[in-house]
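Shared between the two complexes below is chain A, which pairs with chain B and chain C, respectively.
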Partner chain A sequence: MTVERVAVSDRAAFLRRREHRVVRALALVGLVVLWELLTRTGWVSSLFLPSPLGVIEEFADMARSGQLAVHLGVSLKRLLLGFGVGAATGITVGVAVGFFSMTEAIVQPIIAATFPIPKIALLPLLILWLGLGEASKVAVVALGVFFPMAINTYAGVRQADPLLVRAAVAFGAGRWSVIRKVVVPSALPMVFAGLKLGAGTALLLLVAAEQIAAESGIGFLITQAGNLMETTKLMVGLTVLSLLGLLSHWGLASLERAVIPWRHT
Partner chain B sequence: MRVIIDGLSKTFRDRSGHEVVALERISLTVEPEEFVAILGPSGCGKSTLLNIIAGLLPASAGQVFFEGEQRPGRPPSATVFQEFALFPWRTVRANVEFGLEEAGLPAAERAERTRRVLDMTGLGGFETRFPHQLSGGMRQRVGIARALAVEPAVLLMDEPFSALDAQTRTLMMEELLGIWERTRQSILYVTHNIQEAVFMADRVAVLSRRPGRLLDVVPVPLKRPRTEAQQGEAAFVGAVDRIWSLIKSQARAALAEGQQE
Partner chain C sequence: MRRLVPLLLVPLLASLGPGAAAAQPTVKVGVLKLTSSAPIFIGVEKGFFREFGIEPELIYFQAAAPIATALAAGQLEVGATGLTAALYNIVLGGEQLWIVADKGREWPGYPLTGIVAQRELWDSAAIRTVKDLKGHRIGVTQLGSTFHYHLGNILEKDGLTLADVKVVPLQAMPATVEALKGRQVDAILVPQPFPGATEAQGFGKILAWAGDLYPWQIAAVFYAKGFAADRARAVAFMRGYVKSARYYFDAALTQKDGRPAPGANYDEVVRITAQYTGARPEIIKLGFPFQDRSGRLLVPDIERQMKWWAANGFIKRPLPLKQIVDTSFIEEAIKTLDR
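And then the complex of A and B:
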């Protein structure tokens, strides 16, 4: 019998995940380049798919003429107002429902019954109540943000470590101290998950509302461009929406890092 | 202040609705400046007893009194938890200040007291760290500092070092005794470790397994300050033997039942 030495091989190598940074960057750039090539060669009519460079030019034109600023300004105002109102009420209701059993008994069935309604279906009713002006658009965005915020905050509050609550009480904390110093900080990660979710919903509802009943805003711009077959303009609108989504997500993520330092250091 | 535990009983209802007697007529007095260990096997209701004294759980019968000069702003008890229970969103300093905030102390006094206990517990230089940046031993130092800061009549410690590795635990026990020599803070110290109880305490209250009854209170006639060398003395060995003979049969029963608590 021969004596052999066999080295141990790394059998779990295929399970290790890598960053693939170059591929990441190339994927998006490659798509845009491919798109530009497709339109340059004339394979696809620019009526259906305008070239990326064309979209950038149009974007610059619209920015220069002030047309973009008007629509963007109106949309941002509706978005921020609706998001702010919805988030603030959602967080307050979420904390109250999560902490006080009486509030939970009253509010939970109401939320369960109203949550499944797609919020855009409420727009006609909101217009009836609030008129065709800004209030109905802000209200539909606020409603869309309210539900994910209330539900996420509630879940975050319920997840607060009972040991920490007990420790706080052991050191003299009363109800309001427990809420402020234990329950709310415990719920913050869930609150931020809700804010990110709500930001997406807010954008969706804003555009839908502007497409249905508005004379200005990015949603209106997109619908109007579509009707007039101004595809390049339409694409500018879509690009702005993509940037808005990216920006809000990035902004919320940085805010989260600043507000929850104990999770990231 | 003197802590008087008078005929304390606690009955729970388990999931199937049966009544479980956790504690039965416990009476014990902790004198001012006294270090008392509460020792018993798993499931004897040690932690329940501590929670009742801390006012975190209502007793089924009996009462706990704090007797002596009552000072406003000074809480009767402060707890050091087995799992530390530090607030992860607060720095070391802010964790220690928590009880002082709730007591409504002015900022200057809070800062002064916090600095003092941080120095005493060897946490100087770590004030701005968050709990997750500290080792287990350091975390429990914060737990102890937080409790010392409020200057309670009695310090309640619920197996404070059982989540630490053996070496750290030994060092922390010595450190705690060092702090106690200086502050002479009455301590009720729950543990399931006989050597630990005897090494630390003036008296060891031994509880039985369910229902938790006070079997005996064993005095430890060892000089202070305590040193590791004393663990070979006849008084130490005698106390350990006496306690072990009290709970041996119960520990065996627990082992046979295979219950984990």
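And then the complex of A and C:
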């Protein structure tokens, strides 16, 4: 008896998603090359669209003169401070609201009412309260980070599997032990989603705050370059922002892998 | 963001520019709604430009630097506004435009830009002179603006530099005044009518008129590359402008024994300026900025400006004068008018 072999094709093959690593790299490189060519041919004036090589040169110049380090340092300080304060309070409030019904009753309506206000709109008020200095800039970043953090943490805590909580209690865990060992770890994926959201918002608000009455920082650099029609410098500022965004995303992703090893994403 | 959108559109518009401009019989003139634009307003209202076959179309802007950008992009034929670092950077960046005539100077005896301190700081004698500004926060509209330049030069006259103060850019004139009112800055530089308004409201004290401390060519008339190449129309526009400038000078700028002695058409010039700027006549009457009677440019001052901007790191290097200044239009216009 012979076994007849039938070749089957996987009809769901189109659902498989390949990585296309080469295409990914080429897309970015191609864009830059196209851009360089466009400016080289002179179709587009270099004043309105500086060439990538020009931007790299200016970047090196500014790095060498220490100008870039000053602006980047100031911005990073504001960003980290604001992000730290916003994330810490956001997580604390989120856990408290998610776990205690009394806190939820008090805080949730307040968050629901204040969350929809675009934080940029608060900037003039913050400047009035805290002055033109560092405090108002850090505060607006912190506010921007606080809301996604609080809301995500709250959702994460509420999602904690009741079965696991009951199991922990059955094994004799106390209230704090349950929060520490069950609720918070199961909320962590949501917390990290919030952190990533917050990082994007933080960058946006930082630049907005620095464009108003600052004397240094990346946002200031961009405004100044715009005021002076130094488009190459402006592009350097935008490039730095793009790198900052990529870096913060990458940093948070690595941190996530380290903190939540049981989640392979 | 608002600034980025036109920046992206500009190459597109620039490529459409020359063809569209040739079909346009009107000359687009970019101006600010300030008293210093009066000579342009007079020329439009009294028909001095039309007399020489030029149909001007006024386009209003909020700040000086965007006018230079629009000129470089071919969206305007003529600009009439302040000389900023942005303008020099545009020409350094490879776009051609020409400074062709005087359109306002900071001049002793003609109040234009005021240095205004917080009333309380004046009362407590914390700020009484330019020297006292050391270590204080000073609000201006933009970095690289005429106010920034003026502040720097005034400080240098008193042995200080820009590094001795904290310059705070507040982007717009009303915001600058608000920052003084809200005590976020200790002093500001703003043009008339704002200094008078701060004193009237009680929170400001005019320390000095900047033009008394350091006179210079603050504003000019510019030509876009394409318009300058159209020689006949470029000279025709200048004829209208010179006629207008003389009308303005004789009406508003004449002095007798160092005191203002308005000419016969003073009230008409006030009325026209009030109408085009939307300001009240009594505010317009506070002062008209000085300029040459025939609109001749203070050429050596342009060179001085570029040197100062370059020395202070706002532009990469000074340009040779003949790459940015062209007085041949106004000289030709004056010659034909005086014949």
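Some notes on this structure:
Basically, the second predicted complex is superposed on the first by the 254 of 265 C-alpha atoms of A that agree within 3 Å, B and C clash if a C-alpha of one lies under 4 Å from a C-alpha of the other, contacts with A are read in each partner's own complex, and residues count from 1 in each chain.
The criterion applied here is as follows: contacts are C-beta pairs under 8 Å (C-beta built on N, C-alpha and C of every residue); 3 or more make two chains touch, one makes a residue touch a chain.
Computed from a predicted model, the values in this text were never measured in an experiment.
When the shared chain is aligned, chain B comes close enough to touch A:Lys181, but chain C does not. In the superposition on chain A, A:Gly73 makes contact with neither chain B nor chain C.
By the document's definition of touching, of the two partners only chain C reaches A:Leu228; chain B does not.
Contact with chain B, but none with chain C, is seen for A:Ile260 once the two complexes are overlaid on the shared chain. Of the two partner chains placed by the overlay, neither chain B nor chain C lies in contact with A:Pro118.
Touch criterion met: A:Val169 reaches chain B, while chain C stays clear of it.
Per the touch definition, chain C reaches chain A in the complex via residues 3, 7, 10-11, 14-15, 65, 68-69, 72-73, 85-87, 89-90, 93-95, 137, 142-145, 166-171, 179, 182, 184-185, 314-315. Listed in rising order, the residues of chain B touching chain A in the complex are 54-56, 75, 77-79, 81, 83, 85-90, 98-99, 102-103, 130-133, 146, 150.
Residues 43-49, 127-128, 131-132, 212-213, 215, 223-224, 226-231 of chain A are the ones touching chain C in the complex. Those residues of chain A that touch chain B in the shared complex are 163-164, 166-174, 177, 181-182, 185, 188, 260-262, 265.
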